[in-house]
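In what follows, structures are represented as structure tokens.
Two complexes follow with subunit A in common, the first pairing it with subunit B and the second with subunit C.
Moving on, here comes the complex of A and B:
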């Protein structure tokens, strides 16, 4: 799964899809996930990286990252 | 030696200066033209009524004249334009209302003989995209267009209501569209639109989706000088965009390019698109003039009205390059203050 090339995302978590005109906002963890996805890092590696960085239950983290990626796909941010 | 080249000054008359809640495009067209640094302008506003806001915008419009309603015909229009031309030495007229285009196109040669340019589609092009013929147009040229019935008398409404599922759309031949959810609503909408715009009335299948409009400028030879798609972000109860954002979608640009190539469209136009959830771009309407949001094209780097002026004066233009995506317009209401004498002047003498 990759972030579409034309998606504009800023550091504050504002996303704009120039093909559809849709805009979204996400929180700081969302920004972090999107920036990792933009570097073509897999969801599994993203979970690993976030698990190293934050004090979080791994199963919960995996589920949240999965949910978030599905939302991004639904909103055509991921291709 | 003076190396400074003097800019030409063009006298340009513009209609559609009713910047009201359902605005005409005139004021936005003038604003874009005024932005262009390649020429100076003297702008003449042409109005139908005494309370069109553009009349009182003296920073945009140098002088205004009332002109007869389109229903008065070409003779009355010409008589009035001849009077205005004697005083103002018009060089270009940019009409901005669907209903007046027929008369201006009919007068095109007469205007040209008097040194007044226009940059309009011809009658065949104008009629090909007429709401009444849009479905055939779509079928002939391979565009998605919603099914419709053209209703010439009330009794025909029943067949349309029986054939289409609710909701459906009842439309006037020039303006107005009402979404109806029952036979009763359909009948009421039919009579309301018939009394305002006459027959035929169009009953169109309702297409659910995202509303996207495309402003485009054709060179009359099949080439598109500019194509800018905009998604409506805020829609008024009259279906007008009150806010919108420029998009970049190659499929929409290709659709507009195809429309211009196949019709060899000359001048400005607006394609109203409904993008269905399965990604089909339905052409809901083609407006044969610039839209009221046209200033957004100038703000995004494609000044379509200024380009039209250059084309009208015979300049050869290359198509614009990239435009700024994510540029937003937000319309707003502003109470313009004027004096009763101004109103008196335009109402009494037809000039301001």
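Moving on, here comes the complex of A and C:
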């Protein structure tokens, strides 16, 4: 699971796919997840990292990250 | 030991902790969490009015905390504000009284017949308007004198008619069968009921409500009046109409008022009898947004002043002498109670549907919020949330496909346990709600001094089964 190379993303949460012309908006935790995915970090490790940082129930975080990754796939941001 | 939580502008929680030596230590805590969220941007497709996001948190009703209410009385929970009811009533009365000298409101029981609610209206001076035998008994139980009860509707049994006639109640006759029943009963028992007829008419609105009462245009209403006026057992005291519900056109009331005045005038001319009252019914809208409406109700619903202008201008200008002016009765329900009622609820779960839509499952559905079939109810979060919003479909808890509270609503990113407030639910929900799959919740009244009172307890299994009986062979 890898972020497509041509996807442009900035720190404010704006994403652009030059191939399709689609643009997206995400929140700050979304930016974090995408930047970790860009570094080829697995979803499992991403959950570990976020769990250390955020005040959240682990099961909820796992579910939310999985749901987010499914959306990224749906939007063709992930390969 | 004392711990003080602090939140800085990055949402990072810090705590100041006082240790045993009375030294302050700063503890770094985890950051506040917000669910990851991504949305595709669609340039050029925006609605020119923008999307309304209901993300302003509503944390209190009057001065009572919503969190506290839900903790004490459970979720979901209906809440009614006594102060709002009284303000609505006094405001409506002022609007009509400043335009017309003789005004009487009659509380429409079917809109909300919780006894506590009815008694607030009666304390303010409202009569009762009922449409069934059991509502009639409820009004009597609430201490309304018989001669201040208006009995409407197509379903009045012989016993109901005898009771209402004996109590000098105002019987609004709906059809010829009822008229002849009443004549027969009055002759048999030597009663002299005070009656009016309900009139239906074309006021230019669709659908035309012609199933109740006698038609104006084809002369049926006049024939019924003639029949009553020529019968020594019946006393004709008024004329009634109710042209529809959630009416958005003051013009329609003008037509209705003119037609009723014409009937009253004819009765005076031909029979020398001055009708005591004209009852324009109710039907005034609340600020709820009807399904399919392009703009929110708060922007499109005419004010009560416009309806009052339409009605009173016609009656005052019709030509009655000052001392002959009929009493104007109004049976307004929804417009006086809707925004005094709130439904508080909690998120049970969130999920994503196969087409990518976000779905939120609430602990209330159309079994308790019946009006979600008609309205796009305004729903607010009951706690401070992040500014990020998302569009979602909001389901109720029923295991039924039709249980949808809002087909599309933009709200902050709700998650399990979050609490919400549904606005303007005071009308019809607490009478039309269904005991279906779940039990009906508590109803709490916040009085004018911000004290809370349960006015209807949450149902339990024993309540539900109390009328059931098991045949011997199944015991």
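As a convention for this text, the second predicted complex is superposed on the first by the 79 of 79 C-alpha atoms of A that agree within 3 Å, B and C clash if a C-alpha of one lies under 4 Å from a C-alpha of the other, contacts with A are read in each partner's own complex, and residues count from 1 in each chain.
Convention: a contact is a pair of C-beta atoms (placed from the backbone, for glycine too) under 8 Å apart; a residue touches a chain by one contact, two chains touch by 3 or more.
Just so it is clear, the structure is predicted and the values come from calculations on it, not from any experiment.
Annotation for the three-chain superposition on subunit A: subunit B and subunit C fit side by side. Put subunit B and subunit C next to each other and count what each touches on subunit A; the higher total goes to C. In the superposition on chain A, contact is made by A:27 with subunit C only, not with subunit B.
Once the two complexes are overlaid on the shared chain, A:6 sits against subunit B while remaining clear of subunit C. Contacts of A:72 after superposition on the shared chain: subunit C is touched, whereas subunit B is not. In the superposed model, A:18 makes contact with subunit B only, not with subunit C. Between subunit B and subunit C, an angle of 90 degrees opens at the CA centre of subunit A in the superposed model, to the nearest 10. Per the superposed model, the minimal spacing between any CA atom of subunit B and any CA atom of subunit C is 5 Å. Chain contact summary for the complex, subunit B toward subunit A: residues 210, 212, 231, 233, 245, 247-249, 325-326.
By the touch criterion stated above, subunit C contacts subunit A in their complex at residues 13, 29-41, 43, 352, 356, 386, 388, 415-416.
For subunit A in complex with subunit B, the touching residues are 6, 8, 16, 18-21.
Those residues of subunit A lying in contact with subunit C across their complex are 15, 22-30, 33, 52-56, 60-61, 64-65, 67-68, 70-72, 74-75, 77.
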